[in-house]
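Mind having a look at this structure? Questions to follow.
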Amino acid sequence: MAGYFKNILSGSWSLIVGLSITQKEFFKKPVTLQYPWESLEMSPRFRGHIQLVKDAESGTHRCICCGMCEKGCPSGCITVKGEKQEGVKGKVLVGYDLDFTKCSLCGQCIENCKPAAIEFSKEYNLASTRKEDFHYDLLKRLKEQK
Amino acid sequence: MSSQALSQNKERFELNLGPQHPATHGVLRVKLLMDGEYIVNAEPVLGYIHRMHELMGENRTWAQYLPNMGRLDYLSALSYNLGYVELVEKMAGIEVPERAEYIRVITTELNRISSHLLWFGAFVLDLGGFTPLLYAFDDREQILDLLEAVTGARLTYCYFRFGGCYNDVEDNFLSGTLAFIKRLRSRMPMYHNLVTKNVILMQRLEGVGPISAEMCRKYGATGPVLRGSGVNYDVRKNEPYSIYPEIDFDVPVYHECDSMARYNVRMDEIDQCMRIIEQAIAKIPEGPVMAEKVPKMIKPEPGDYYHTVEAARGSFGIRAVSDGKNQAYRMKLRSPTFSNLSLYQEASKGMLLADALALMGSLDLVIPEIDR
Amino acid sequence: MNKLNVIDELKALAAEGMPAAPEVAPVAPPAPEGEEGAAPKKAAPPAPRKNGLLEVVYAVKGVHVDVQVAVDQVVRAAQIIDGAGMTLEAITGVDWITDKELEVVYDYSFTGGECFRVVVRTRIPRDQPNIPTISKVFPGANWHERETFDFFGINFEGHPQLEYLLLPEDCDFHPLLKDFKGC
Amino acid sequence: MDLGINVVEMVIYLVGIIAFAAGNAAYLVWVERKGAAHIQRRTGPKEVGPFGLLQPLADGAKLMSKQIIFPDGVDKPLFMLAPLLAMVPAIMIFVTIPFSETLVARDINIGLLMIFAFASVNILALLIGGWASRNKYAVISAARAVSQNVAYEIPMLVITITIVLITGSMNLREIVASQAGPFWHWNILPTNGNFLGPITFIMFFICSLAETNRAPFDLGEAESELIAGFHTEYSSMGFGLFFMGEYANIVIGAALTTILFLGGWYSPFPETIPYLGTAGAWWFLVKMYLLIWTVVLIRWTYPRVTLWSLLNLSWKILIPFSLLNLLASAGLVKFLG
């Protein structure tokens, strides 16, 4: 019988402790961020979709069209179009298409890239109702960046 | 009492719990045969998020399969990353630099804490308490921030590579991790006062959903489910891998076999994870994080290989069969919750609906990992 | 659990399953460690292995004992392992299409103390994929066998509920067979 | 009798009561959401109006503009009747509640009885709504709600009889009047002469939580088990009425507790803070809303109990204790008072 009352008392005490915790938390400041009004700086290693690196010296990309990114990609979302042009050694990049709908941001392409021509962007505000909006022409994107 | 009630009443009905149901944490469906509030038979129906990861393993090179590992159990993705890269390193005979091993352990254990925190919140939510979930999310968010700074992703990590890690950690990650551990240590008493010691929670969990050690053995259950049944089995201790042998930690074991025991195991594991991280940070050596000689195209010797690691939900095993090519001939993923859930049908017989959901929550299910 | 007892019993079981030349049975490929890799390097897919027990190097293979038995012996192998207090980790298949055979692989481990892993395997013809169920011994095998049925179409005789588990109930293909060409 | 004045009075009271009930229901939702948010370190509604104060209006407009969906095979008349049954009795109850000495629509001398009579109609709404929905979850929920309400009506009534014994009246105004004076005259405290006061109060509070289907006793709408319970299939204002009915019931529960135990409209310190008045409706409201806040806080703190422990609490703890309590109080009244 003593145990019965002891149980009731200790049980009620645990309930009061619980209430005091939530009441205390009530007076603390919210920890959430009101997203459309405020947003965080992405960390330096944040993985957005890939983009072509703009070379500081030449002012353009560094891609040599070796196709290693295309080969390394597990989901086949990269298409590199290279062309033989006169007077230029090797191939010249004419199109770099990324199908971001399939990309899993693993980073294999960036690891495979010898001249370090691609990097992760910091884009995260991506929303659309159409799939086509996630087919990026990275070469065009690089040119528009200027 | 329950079995008597079952036999007397013949008015039974079927109830479909899921695939869209708040308590099944995803797209699990449970076909319930109910007798009033009692469960006569509960048959889980799987496959709603089946993606055939095993076939993908046969179609991709060893390195290309890495991102799949983050998408099995998205809550403790790094454990799966670790299991896979260790298997391939074993197959191809790649040595991993010591610093990389330490980084792997630190990040994996952080990921384990975040997984257990999310489980804690979701479990209490299953029981009807909403607030602890968001407190747990507050802490988990700190871990995600830390891991994002290292791996670049918040959930589906693809960070480990054959022979090391994608990139080195920075010193502010290590100091940030220590600061986080200090913070979580100060928050744990709050969790225990708010939830663990709450009389309603104790009533709902104590003695509910008994799973004996023998049942665990027959069904192959591992992880906290097994440890809550009084079996001291942890792959990190029993089959040490990486640098776990050099680290001093305990395996929490509870003998009550009920939902409360499984709850306590996970809560104690959070403490142990913090101990592991602290020791690893104290010991971490300088050096490279990538092995020097990693073949560009990995072609393991033919044969089959097995490797197991302790994921947050139990032992995760991979059986890979190689035929000497750069793709696996067969990739079998042994997911822990698949086995853990398989005992649900037997364990939930004759339980109340509410208790059966408490039992399901205490198994800590992640459906994409079950369905693969 | 006594490791050596289990090994002996499984060895005896595997030897039983060699009707033609029993003396050849225990003689597995010559080198006791890493044998499968060492011998047929760069060769065509290795020839199907003879039934028998191999003690392999744990650090390389991830298992301690690798035993291949005849089809009708898998239940007895499971009983031996169950009697030793070990647990079933997984069941899976491998499609050896060049040998016209399917391999069924049972992974067992011991959770009660010292680490001990046993893999039991058996081969069945591809056109008649029938194998007795071990779900009477290990109820946990129920789902693993259903999964193997999903992926390989292996018929587990005596299984209480051999239906599609992960694949939709109306599908008519088995995706992990090597001649599966997508649907 | 002057019929004209009576009708005007009636209309005024009617409008006032409906406005009070509906306004409370709407703004309690806001309090609940905002309170829950801050308990959980969030901000809650903040976009519509300052501090999200216009959120209830936006919610109401949204609910009203939605289509009412009748799933296949529902029992239409019952399906439509249930939300009304949830809301109307709740409004009726407000008729007898005295907010101050004079502010009461109908001063009935068996007001307590009337409140309980109408309060038990509420359970009918859950039962009908759950049954008519033709949904297994709703039926389970209805069955749960009935067993729960039956179990808790008994201790609640027994406790109320205790108060009636002590105060000697079933008129709510007189019950409050018997507690006139500073706070140690209230029924909640043993200083009132009844040393069982605090226990009676706690038992009554638990019962009122259970009767209004509030967490941790919200088994009828246990969302992790039964989706939304009896109102799973309700949309638009059908759902809205259930929701408002629930909050109106909370207000009634808190108001009743205030009347029975917390001295109604009397100030706790009539001597020390006289400039706030020794009595008045606003004292009543302060006490009532404090109780409601406790109810909200409890909801966001505890996990839900199971059906068995809920029934155990009623049959094994509350009913025996309330009966003993009744016996002891009767003895007190007989031999001391």
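We call the chains A, B, C and D, going by the order they appear; numbering starts again at 1 in every chain.
What we mean here is this: contacts are C-beta pairs under 8 Å (C-beta built on N, C-alpha and C of every residue); 3 or more make two chains touch, one makes a residue touch a chain.
All values derive from a computational prediction rather than experimental measurement.
Chains that touch both subunit A and subunit D are the following: B. Averaged C-alpha coordinates put the centre of subunit A at 42 Å from the centre of subunit C. Centre-to-centre separation between subunit B and subunit C, using Cα means, comes to 26 Å. For the pair subunit C and subunit D, the distance between C-alpha centroids works out to 65 Å. Distance from the subunit A centre to the subunit B centre is 24 Å, each centre being the mean of its Cα atoms.
Multi-chain contact residues of subunit B (touching two or more other chains) are listed as 131, 135, 138, 194, 198, 200. The set of subunit D residues touching two or more other chains comprises 39-42, 300-302.
Residues of subunit C in contact with two or more other chains: none.
Pairs of chains meeting the touch criterion: A-B, A-D, B-C, B-D.
Touching subunit B in their complex are the following residues of subunit A: 10-12, 14-15, 17-18, 21-22, 25, 31, 43-47, 72-74, 104-108, 111, 120.
Chain contact summary for the complex, subunit B toward subunit D: residues 13, 15, 21-23, 36-37, 124-131, 134-135, 138, 194-195, 198, 200-201, 203-204, 352-355, 357. Those residues of subunit A that touch subunit D in the shared complex are 8, 15, 18-19, 21-23, 25-32, 34. Considering their complex, residues 36, 39-42, 136-137, 140, 143-144, 215-216, 218, 222-225, 227, 300-309 of subunit D touch subunit B. Here subunit B touches subunit C in the complex through residues 46-47, 50, 52, 54-55, 58, 87, 90, 216-222, 226, 231, 233, 238-239, 301-308, 315, 317, 319, 321, 323-324, 329-330, 332, 334, 338-339, 342-343, 346, 371-372, going by the rule given at the top.
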